[in-house]
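Have a look at these structures, which come just after this line.
In the two assemblies presented below, chain A is common to both, partnered first by chain B and then by chain C.
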Partner chain A sequence: MFSILKINTVTGETTKETDNSKEALLGGRTLSSRMVSKEVPAQCDPLGRQNKLFFCSGALAGTTASSCHRLSIGAKSPLTGGIKESNAGGILALRMAHQNLRCIVLEDAPEPDRDWKIVVIGKDKTELVDGSFLEGKGVYEKSDLLTEKFGKRAGCATIGPAAEKRLLASGLACSDPHGVCSRYAGRGGLGAVMASKRIIAMVVLDDAKVKPDYADKDEFKKGARKLITLLQENPVASKFTKYGTAAMVDICQALKVLPTRNFKHGAMDGAEKINAQAMYDTIKERGGEGRTQHACMPGCVIQCSNVYPKKDGTILCSPIEYETMALMGSNLCLTDLDAIAMMNRIANDAGVDTLDCGAAIGVAMEAGLAEFGDAKAAVRMMEEIREATPLGRILGSGVKLTAKILGVSHSPHVLGQALPAYEPRGTKGMAMTYLSTPMGADHTFGFTLRDEEDPTTKEGKVALSKKFQVIGSRMDAMGMCNFARYSVKDDMNPLLDLIKARFDVVITEEEFDDFVRETLRLEHQFNTDAGITAADYRFCESFYQEAQPETGEKIDITDQETAEARSW
Partner chain B sequence: MVTLYFKLSDRAAIQIPVRQPETLGDLLERVSQETGTELGSYIAVRQGKVMARHQIVEDQDSIEIFPAISGG
Partner chain C sequence: MFSILKINTVTGETTKETDNSKEALLGGRTLSSRMVSKEVPAQCDPLGRQNKLFFCSGALAGTTASSCHRLSIGAKSPLTGGIKESNAGGILALRMAHQNLRCIVLEDAPEPDRDWKIVVIGKDKTELVDGSFLEGKGVYEKSDLLTEKFGKRAGCATIGPAAEKRLLASGLACSDPHGVCSRYAGRGGLGAVMASKRIIAMVVLDDAKVKPDYADKDEFKKGARKLITLLQENPVASKFTKYGTAAMVDICQALKVLPTRNFKHGAMDGAEKINAQAMYDTIKERGGEGRTQHACMPGCVIQCSNVYPKKDGTILCSPIEYETMALMGSNLCLTDLDAIAMMNRIANDAGVDTLDCGAAIGVAMEAGLAEFGDAKAAVRMMEEIREATPLGRILGSGVKLTAKILGVSHSPHVLGQALPAYEPRGTKGMAMTYLSTPMGADHTFGFTLRDEEDPTTKEGKVALSKKFQVIGSRMDAMGMCNFARYSVKDDMNPLLDLIKARFDVVITEEEFDDFVRETLRLEHQFNTDAGITAADYRFCESFYQEAQPETGEKIDITDQETAEARSW
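This part shows the complex of A and B:
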């Protein structure tokens, strides 16, 4: 029922397998993490021959349901040394569904001097074609060249020059509905994994239209309409439509958890210059190609994305997310939205994670390479990443490595992955989540902040983090957008009913959550087998020893508590 | 009087007399009923600290009400 296409990146040989399991039906992270656990030796070199790269669509991919086309990409991470699932919007999962593919696997790795190849998947054949014309080019230019060669409607995943140099913070850029590779699976260095296989792009052609064979089409239509109503009527989801994730700037500033000055502080003077309202007003005022709302994938009614224009109205960057505004803004004491947008654009072009690179620049500023608040210097450092200068290669390899090389002890990461945009001493729930995800510090993994009655206490946070690790993982587990979770947080049946109408397969809420917990258990087992120990699930010492000035809080979470939060 | 600032919202700030003792949850329920609008999930902040639903509102309080969303 569900097809898995395996491609040997050395020989070009392909095999197609079918899998009728419920895990394959769910797809998304349920499938990608199981396949990594099963097929990748945990102790292998992440950039070696034994690592594999898995692209998994979700349960409802190819249908008309809203927000269902997230693509889960899995592998062993070169950044964390553990398992990684990073997901992106865009059209690639839809194109995979049109080719009747649930999963694409890139296997093996050729000699590092082999010419770059593009994997091209069509209805009649899969082949490796010459990709050397893309070498060294930025993602925007690569995107144009891929569109020129394969058409605007092809679903592509490509890498930037940073991944070509195997920088550890490099991501994978996937096609958006306009054919631009701007939707990032940014975290964990998965771009470097694809580069290690000498694959510079993967293209799924728009030459097939396998239509979903609905078990009950009328029920599906009814269920899809119900989901739209739930999303549109949910007051939280509707806020995303107007402001996107940028709305978090004000909330985090008010709660004193806005990363500021290399995560030394939790609030920044002038935060209102880079908040959601400032961005909304700027986009509206400049007009042109600017958009305050934009769908990253076909048929999504939340439309939390945006297009940030230059002063003349032409596109500067799309999208700008809260995490980027914080890590490349407040964390560097920048109050200039245009500078943040420019840094974001360069990151997208270089093909690197904005969080890890923003955090790395924060560390570099603390090391004295530039003054906090110096926007020109911050933009210059991003250009160094794109140009792969010696400093750029260090910054583009993430915050942990940068801090070690520059001799900075306050290094904001867990398992080598930069902290997302919530200063952990002021929110012990988010701190607990950072310390207990198998992916390295990851806010989407268990977003507690909105439900913490007292963010500064650790009491009850093991249970709270675990509760939201399940809630947060549900959407990843079946390829849904994380923001749909608000509408089904207390009742997953609207989505499970869609699965029933699509496949005539019943999955109960309890069974679904069992899949989620089993995924978490497998992911942690992979990390244990990879040699990651309890001592790795910690912040650097300064978070435990130095109080954050605004809240007076230190990290007081013990190894025992984080071990409980990792126990499934 | 308590002043409520609805952040990231088209609602104007409102001032409302407090019925002592009154919890934040009760006060916001009253506001919701009087204005005929649903507040949905929210994060309330008083003097830089999160305010829980069960906490007592004091006269002259200024409280910021944010929609309870998350990052992406």
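This part shows the complex of A and C:
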């Protein structure tokens, strides 16, 4: 029923397997993490021949349901040394569904001097074609060249020059509905994994349109409409429709958890200059190509994305998300939206994660390489990443290595992955989540902040984090957008009913959550097998020793508590 | 009986404790590793407040015995993340003995912007004095300034500009009998540990001369003479007297384990241009300050050190050791002794380990930053390390991080410490030793090469490595030079008799080896507690997958075998 296409990146040979399990039905992270667990030796070199790269669509891919086309990309991460699932929006999962593919696997790796290849997957054949014309080019130019060659409607995943140089913070850029590779599976260095296989892009052609064979089309339509209502009625999701994720700036500033000055502080003077309203007003005022509301995938009603224009109205960057505004903004004491947008654009063009690079620049500023607040220096550092100068290579390798190389003790990461935009001393729930995820610090994994009565206390946060670990992981588990989680938080049946109407397969809420928990167990086991221990699930020492000035809080979470939060 | 002086590097407060245990009597690594185990939290930040730096003299320090003044320096290593003992020759252990000190401990750490201080230890007081006049200066100039201020006979340990910048491959330079800080405890980043405490030098003044209170002076004299005979009669030690450790170049070239071209090969065309004879002839021919034979500590009869002169006869570098000739020579395909000597000089002046930097430059050459064999580029890279440019910072952070940042898979290290000068695929005994030591790849730890009937097979190598782990560790365990080990390999009594004559304490061979094995157990336990697992005691994947061309060998040692080799 569900097809898995395996491509050997050395020989170009392909094999197709089918898998009728419920895990394959769910797809997404349920499938990608199982395949990594099963097929990748935990102790292998993430950039070596034994690692594999898995692209998995979700249960409802190809249907008309909203927000269902997230693509889960899995591998062993060169950034964290552990398992990785990073997911992106865009149209690639939809194109995979049109080719009746649940999963694409890139296997093996040639010599590092082999010419770059593009994996091209079409209705009739899959082949490795010459990709050397893309070498060294930025992701924007690569997008143009790919659409020129394969059409605007092809689903693409490509890498930037940073990944070509194997930088550890490099991501995979997936094409959006306009054919621009701007939807990033940014975290964990998956771009470097694809580069290690000498694959510079993967293209799923728009030459097939396998239609979903609905078990009950009417029920599905009814269910899809119900989901839209649920999404539109939910106050959180609907706020994202107007402001995008930027709405978080004010919330975090008020709670004093807005990362500021290399995560030393939790609030920034002038935060209102880079908040949601400021961005909204700027976009509206400049007009032109600017959009405050924008869908990353066809059919999504949340439309949290945006298009930030230059003064002349032409596009500067799309999208700009809260995490970037904090890590490349407040964390560097920048109050200039245009500078943040420019950094974001360079990151997208270089093909690196904005969080990991923003955090690395914060450390570089603490090391004295530039003053906090110096926007020009920050933009220049991003350019160095794109050019892969020695400093650029340092910064593009993520915050943990940057701190080691530059001799800075306060290094905001867990498992080598930069902390997202919630200063953990001020939100012990998010801190617990950062310390509990097998993926390295990740906010989507268990987003407690909205539900913490007193964010500064650790009391009850093991249970709270675990509750939201399940809620957050549910969406990844079936390829839904994380922002749909609020709408089905207390009742997953609207989504499970869609699965029933699509496949005539009944999955109960309980059974579904069993899949979610089993995924977590497998992921943690992979990390343990890879040599990751309790000593790694920690913040750096200064978070425990030095109080955050605005809240007076330190991290007081024990190894025992985090072990409990990781135990399923 | 044995004094331990503890100095708080924030307040300058000192405490003196006494310890009458046999562990304190033995001193050296027996004491340093016990103190690290006991006093340093295994999971602490090596450059944070909880790490401590221990300087331990050995059992016979202060006596007239040959080769007995090695100084064991212990801490948690910022390079490996595990326990570290790195030992150096020179006169510091002797001066400690004259002050009746078995151990000096530097504790705590001030803010990173505190002015640099010098710890000055004299007969009447210990104090922190201003050290800002040393800031940023090379080790040679620091040596001059320290002797100017504290006299040529003071025992000093200082750091180079690399350690001031917290580079992870930075060492501690200890003064030789001429007052030059050229005797390095180079490995494991201990220079960065001292720098993290904002201590730029430690000086033990020559204002006291506590004489050893011999239990039986005549017996001691007799025993000391016997030791000299044993050292002089031993063929290995005596070969080092003429040629220094450079004698290994030909041996390793013949066995095809001479690291060449970033550890991809085991032999180099033109190796004879940098072998012992070539160096001997060059030194003799140039004359002047050149010396083929030179003692690093008073009273040593081995005198393996040398002084390599420039063409005009003035000193270029002292000493040049085999490990450096290989890592900065053959590993980079350099056949120019003057270039190697210049690189060595810059390393000594910058205060970085020659092995770790040589290996890092090898990786940089593989990454395409320079051609193998380009001596000028190699010297320039060393200058970048001294100047702490971004590239210099990368290289000075050791080979593991360099490979990660530059995207090179073949990364010759274990636990982040560069492989010493024996290509492990061609010597499975040394490979086993590299994978067994708690210190990161280290050749002195269990030197099997001379005793491997067939170096390319792993058969019997667990037992052989373990045998030599004990033999090698015996010398560290009591502060003797490692080169004395050959002379007492089969009978430790000549050294144990000296201990008896000195202290009237009987330690049997069996009891002594129990201390050695218990030290290993404690060290491995520290590493386990620090989060180091079996996954870390491995070479990088390519050593297992790609055969070394000259021997056709791969690493075939299993995790189970290395676990056995680490089990005591």
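Operating definition for what follows: the second predicted complex is superposed on the first by the 568 of 568 C-alpha atoms of A that agree within 3 Å, B and C clash if a C-alpha of one lies under 4 Å from a C-alpha of the other, contacts with A are read in each partner's own complex, and residues count from 1 in each chain.
Rule of thumb we're sticking to: a residue touches a chain if its C-beta (ideal position, glycine included) is under 8 Å from a C-beta of that chain, and two chains touch if they have at least 3 such contacts.
In this text, all values refer to a predicted model and were calculated from it rather than measured experimentally.
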Margin query: So in the superposed three-chain picture, is A:407 touching just chain B, just chain C, both, or none of them (first/second/both/neither)?
Written below: second
**Report entry** Touching partner for A:168 - first (chain B), second (chain C), both, neither
**Finding:** second
Could you look at A:531 and tell me whether it touches chain B, chain C, both or neither (first, second, both, neither)? second
* To do: Once the structures are superposed on A, label A:197 by its partner contacts, choosing first (chain B), second (chain C), both or neither.
  => neither
Query = Looking at the overlay, does A:397 come into contact with chain B only (first), chain C only (second), both, or neither?
reply = second
Next item on the list: Examine A:453 and indicate which partner it touches, taking first as chain B and second as chain C; both and neither are also allowed.
Entry: first
Dual-contact residues of chain A (chain B, chain C) none
Within their complex, chain B touches chain A through residues 7-8, 38-41, 43, 45, 48, 50, 52, 64, 66-72
Contacts from chain C onto chain A in the complex sit at residues 42-45, 47-50, 78, 112, 165-168, 192, 389-391, 393-394, 397, 401, 404-407, 409, 530-531, 533-536, 538, 540-542, 545
Listed in rising order, chain A residues that touch chain B in their complex are 234-236, 239-240, 242-245, 247-248, 250-251, 254-256, 276-277, 304, 321-323, 420-422, 443-444, 447, 449-455, 482-483, 486, 550
